[in-house]
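Listed below are the structures to be examined.
Below, chain A partners chain B and then partners chain C, in two separate complexes.
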Partner chain A sequence: MLRFALKRAVAAVLVLFAISVLVFLIFFATPGADPAARIAGRNASQETLQQVRESFGFDKPLPVQYALMMRHLFIDRDLTSFVNRGVEVIPQIKQAIPITLSLVIGAAIIWMFFGILMGVAATAGRGSAVDPLIMIIGVIGVSLPVYWLGEVVNLMTQSRLHDSFFSWVPPLGYAPLSSGVWNWASHLIMPWMTLAVLYAGIYARVLRSEMVGAMNEEYVRMARAKGISERRVLWRHAFRTSLIAIVSLFGLDFGALIGGAALLSEVVFGLQGVGKLTYDSLQNFDLPVILGCVMYAAFFVVLANFLVDLVYALLDPRVRHV
Partner chain B sequence: MAIGTTEVLSTPATQSAGPWRTAWRDLRRNKVAMGSIIVLIVIFAACLAAPLYASSVMHLDAFTSNLDGKFTVNGVTGPVMQSSDTGLGLGVNPIGPTWLWNNFFLGADNQGRDVMSRLLYGGRNSLVIGLVSATLCCALAGFIGIVSGYFGGGLDAVLSRGLDVLWAFPVYLLAICLSVVLINQSLTIGPITLNSGSIILPILIIGVIYVPYVARPIRGQVMSLREREFVQASVGAGATDARLLRREILPNVLPTLIVFLPLMTAINMLTESALSFLSIGVQPPDASWGTIINDGVGLLYTRPMVAIAPGVMLAITAVALNLLGDGVRDALDPKARLRGAV
Partner chain C sequence: MSEPLLDVRDLRVSFRTRNGKVAAVDGISFQVGVGEVVGLVGESGSGKSVSMLSVLRLIDNPNCVVEGEVLFKGRDLLTMSDAEMRKIRGDEIAMIFQDPMTALTPVYTAGWHISEQIRAHEKVSKQAAMDRAVQLLDSVGIPNAKERVNSYPHEFSGGMRQRVVIAMALSCNPSLLIADEPTTALDVTIQAQILELLQNLQSDFGSSIVIITHDMGVVSQVSDRVMVMYGGRLVESGPRRDVMRDPLHPYTWGLMGSIPPTDGTRTPRLAAIPGAPISPSDPDRDRCLFSPRCRFASDACRPTPLLAMHTPGHMDACILPLAERPERRREALTPVEVTL
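Showing the complex of A and B:
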């Protein structure tokens, strides 16, 4: 087991390294992508371009540039923004993390609750109208563009119904937990719900198909033959075995969202989280911030993958020998 | 899983139809899937008719700004851009929906252009990008998955590591990184030059980022196919790699790829719209449903229909594609499953 974990850890580090190189290449070595030109502006003269190249170190060979940037990011931890010179990258990311965490954890609780509820209810309601109805709701949830749903929610809560039903919804933005629990939560309830709609749909669909599969297994027939109640079969036998698929999916989705995949929700609801920071830095072509954010995001995705693999190997010893 | 194995075993040989025909028969009996196909055909046809609608019904070009335009409803003529009736009464608002087919059915956008015409034109781009990139993605993933799973060894190691790296990259971040770098400049690869703002760029970007999601299950499927008896029998009979791939592997992988196609189209359309919403997808003056939603955000509280309409179209199309995908899966390969993508 330890050997398996070590092998996986090494692979994870290699993937992180490859991602850092990939991002670096995307921004520095794509044909026609000249960071100096982006920083200097559209109509910059040749001299200005040359100045920019020298002052940002773009005239050095690519591997040297890469090594320098990585040293500043990970060893000296003093990488600074290209656009707002003097502003360090790492504190910016640190500042954004609590906002993203608040958004994603709240949304995750809601979507796990509704996803499991819908998946189990659909399985239990097979053969009746309940199952197709829940699955249609799930499909609609999966098919709605999340940013659009966010804008419609804003339209309702900030404008159309703001004077009546949604008068308790504060203006867009984030309030830290230290300003009071209700103040914090009321700012986030709408973003939570919006983000959860998509994932609740996905989880309900995955859980239902897993559980329907499990209901046809021998051990479920056995449990029934023993005379166990249908409810107990559903929860103790079908649900528990199907949970493995949900948990591994959850690990990956949660990792990606913490890493900034909630970007669209953050942009729409004006939350200055990691996703929004990434987006803003991309708009300004602020390479050090982009690199910092992407490495941060990749770290969480790789970590989630690693943990999921590990949990799998713990549950199923056969995996360790692959 | 080989397709139709159980049917073939359980039905008498005289009645057995080919797996494709069986699948098509199942699909035709599936009312939800058939309904989805009809909805998709209607949306396709409407979007194809966009130039016809703009020129013959609306009589207004959908791409040139129309700030000084006029409209006439019930004999009353007024400017398309009206002075604001909210707040301090400063500035102008485009007219809202008239619900008249020939006269700003969904209102005008902030350039005074007809939203309905742009919705139809935008649908063309959204559909084309979704479909072509999904096809590209499935073809590429099929190729990588088959090569990697069949030949194994060093080639598999390299390809799998490559997929791992892409997989660990949150898709939206990867798409956004690539788009930001590529979208504002023309790209020259060898003899081919892509103009900036060409919709080929979003197609390529979206086509590539989802490759691991499809290639991984295909690779696993090919690896288990290699161990199956019918493949081993073929190997024993002295079949070449080319023959094995063509006659044994590909026919068994193809259904899975076809199942992925409608699902990937839906996901890709949503991704395209998200990129366009962030103004790094389809570039003006071209439109897609995502860019129209982006246009509509500025008018959200005064003329919400500009943003609502394209979102509704996108949602209807994606629901139809997902339901069709479920139907195709039930008909072809009940085991295929796509990891829920963001």
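Showing the complex of A and C:
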């Protein structure tokens, strides 16, 4: 198991390195691009341009440029967007990270809980009205676009029902955890729910189809023949083997959401997270921020996949020896 | 005969389908005595697995209807509550399935599987259950049981996995073991080992065994009594020696004729049973169901011939006069010219 983890960790680091090279090449070695002008910002003076060229080594060969870039990004951490205006990149990302993490982790807990509950309940209720009912609820969840659902939620909680039922809902935006747990959570409950609705539907459906498949397997019949309770058959045998599919799906979704795919939720609920930051920087063509965000996103996607690989190996003994 | 361990009376298993009710098992009655090994033989779809699965009430198809009586130690399994049934499953009646590759949940160790079963029926500590698992694995001939108890199913070969399944089935000393084609998925040398193992265990533990198979060789090797099923009905039943030496029913002749003889002159062609097994949805049921494929069929084959006892314990359901049978059997073994 330890060797497996080590191997995976090395692979993850290599992937990160490859991504950083690729991202660097896309932005800095594309023919016709002048990264110095981009980094210096609009209407920058010749001196600033010169200074940027020197500090990023744009007159030197590409590998040196890459090394200098990574140094600015990770060691000196002084990468600045629009040098002449002087907004540093790293603090912006640092500010955005807790917002996105809070949003996505909270939503993930909710959707995993309801997804699993619905999937297992639907499997247990096969042959009755429970199963199709849960699956229809799942489809409805999947088909509601986050931006629309989010706006409807806002309409209800911020305006129509704000004076009565939803009076406890604070205005849109984010409150850090340090300002009190309830203050933090109350700002996020509606975004969490909204984001979780989509994924709970998907997970419930995937889990149900996996489990129904497992229920037809011989090991489930064997388990019944052993005289254990139906509930134990359902959870310890059918669910346990179906969990593997859910976890690999979760790794992909979670990584992507942390990496900025939660953009729509962030916009609708006024959360200045990583998705929003990336989006804004793309609008301004703010090269250093884009670079920083992409590296950050890649880091989390790779980290999430690494963790999933570990969980996967814990769940499925067949994977450990590969 | 003293009180039988299992007494099945007029068991009927049918499935509701779009085209009406389909009878997979069509009124079979049989008994299994204490310590007896019974071989249940038949083609695919003859209802042999379904009948034994319904004994344990393991068919979870909501369209399945089971009728009749299944008396186990005098109690009717079919009218029992689910909770009572669970106490019997795995504890008093254990089952082994055909494919050892898929019979174990892939994410748990051999020891986990065995101790799960033990702890479902007895109040023992995890450690005690694990210790018993080691003993059981050892007794079914798994080398190095102490280490193998922590192995996962994918780390065992097919034959070893079937041994694990058998160890699990025996973990609560069941009085009846139902083995559904336990050797079909294994290669021939392993088959022999598993059969020998079952026999040894039978003599050690004293359990009765019902072994379901389509392989006459398996039956002749292990069973005390043979029951032949066709189209969901019993067509012949008797002590192994009688059935093997002196089979009565034309269907049994066909089954035996399709075993290549290992001595004497080599037959140029094995006698095959013409036609295809009767479909359970065939509406014309008031007749001998084998008659469409039988060369000795006549108008006398309807209505359904009843099982009739010929020699003590040996019965069959066929209208052919007993005196004619040896000759008819020789006739049956000469292959028919197949015109295509």
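Rule of thumb we're sticking to: the second predicted complex is superposed on the first by the 229 of 322 C-alpha atoms of A that agree within 3 Å, B and C clash if a C-alpha of one lies under 4 Å from a C-alpha of the other, contacts with A are read in each partner's own complex, and residues count from 1 in each chain.
One rule holds in what follows: contacts are C-beta pairs under 8 Å (C-beta built on N, C-alpha and C of every residue); 3 or more make two chains touch, one makes a residue touch a chain.
Bear in mind the structure is a predicted one, so any value in this text is a computation, not a measurement.
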{"item": "Chain B versus chain C as contact partner of A:F74, first or second or both or neither", "value": "neither"}
{"item": "More chain A residues in contact - chain B or chain C", "value": "B"}
{"item": "Chain B versus chain C as contact partner of A:L315, first or second or both or neither", "value": "second"}
{"item": "Partner chain(s) touched by A:Y219 [first = chain B, second = chain C, both, neither]", "value": "second"}
{"item": "Which superposed partner A:W235 touches (first chain B, second chain C, both, neither)", "value": "neither"}
{"item": "First (chain B), second (chain C), both or neither touched by A:W168", "value": "neither"}
{"item": "First (chain B), second (chain C), both or neither touched by A:N305", "value": "first"}
{"item": "Partner chain(s) touched by A:I19 [first = chain B, second = chain C, both, neither]", "value": "first"}
{"item": "Touched partner set for A:W182, first chain B, second chain C, both or neither", "value": "neither"}
{"item": "Residues of chain A that lie at the interface with chain B and also at the interface with chain C", "value": "none"}
{"item": "Interface residues, chain B side, partner chain A - complex", "value": "161, 164-165, 167-173, 176-178, 180-182, 185-189, 266, 270, 273-274, 277-278, 290, 293, 296-297, 300-301, 304, 307-308, 310-311, 314-315, 318-319, 321-323, 326, 337, 339-340, 342"}
{"item": "Footprint of chain B on chain A - complex, ascending", "value": "11, 14-16, 18-19, 22-23, 26-27, 30-33, 139-140, 142-149, 151-152, 154-155, 158-160, 198-199, 202-203, 205-206, 209, 249, 252-253, 256-257, 259-261, 263-264, 267, 278-279, 282-283, 285, 290, 293-294, 297-298, 301-302, 305"}
{"item": "Residues of chain A defined as touching chain C within the complex", "value": "127, 217-219, 221-230, 236-237, 240-241, 244, 315-318"}
{"item": "Chain C residues within the chain A interface of the complex", "value": "56, 58, 60, 62, 82, 86-91, 94-95, 97-99, 102-107, 109, 116-117, 120-121, 152, 154, 165, 168"}
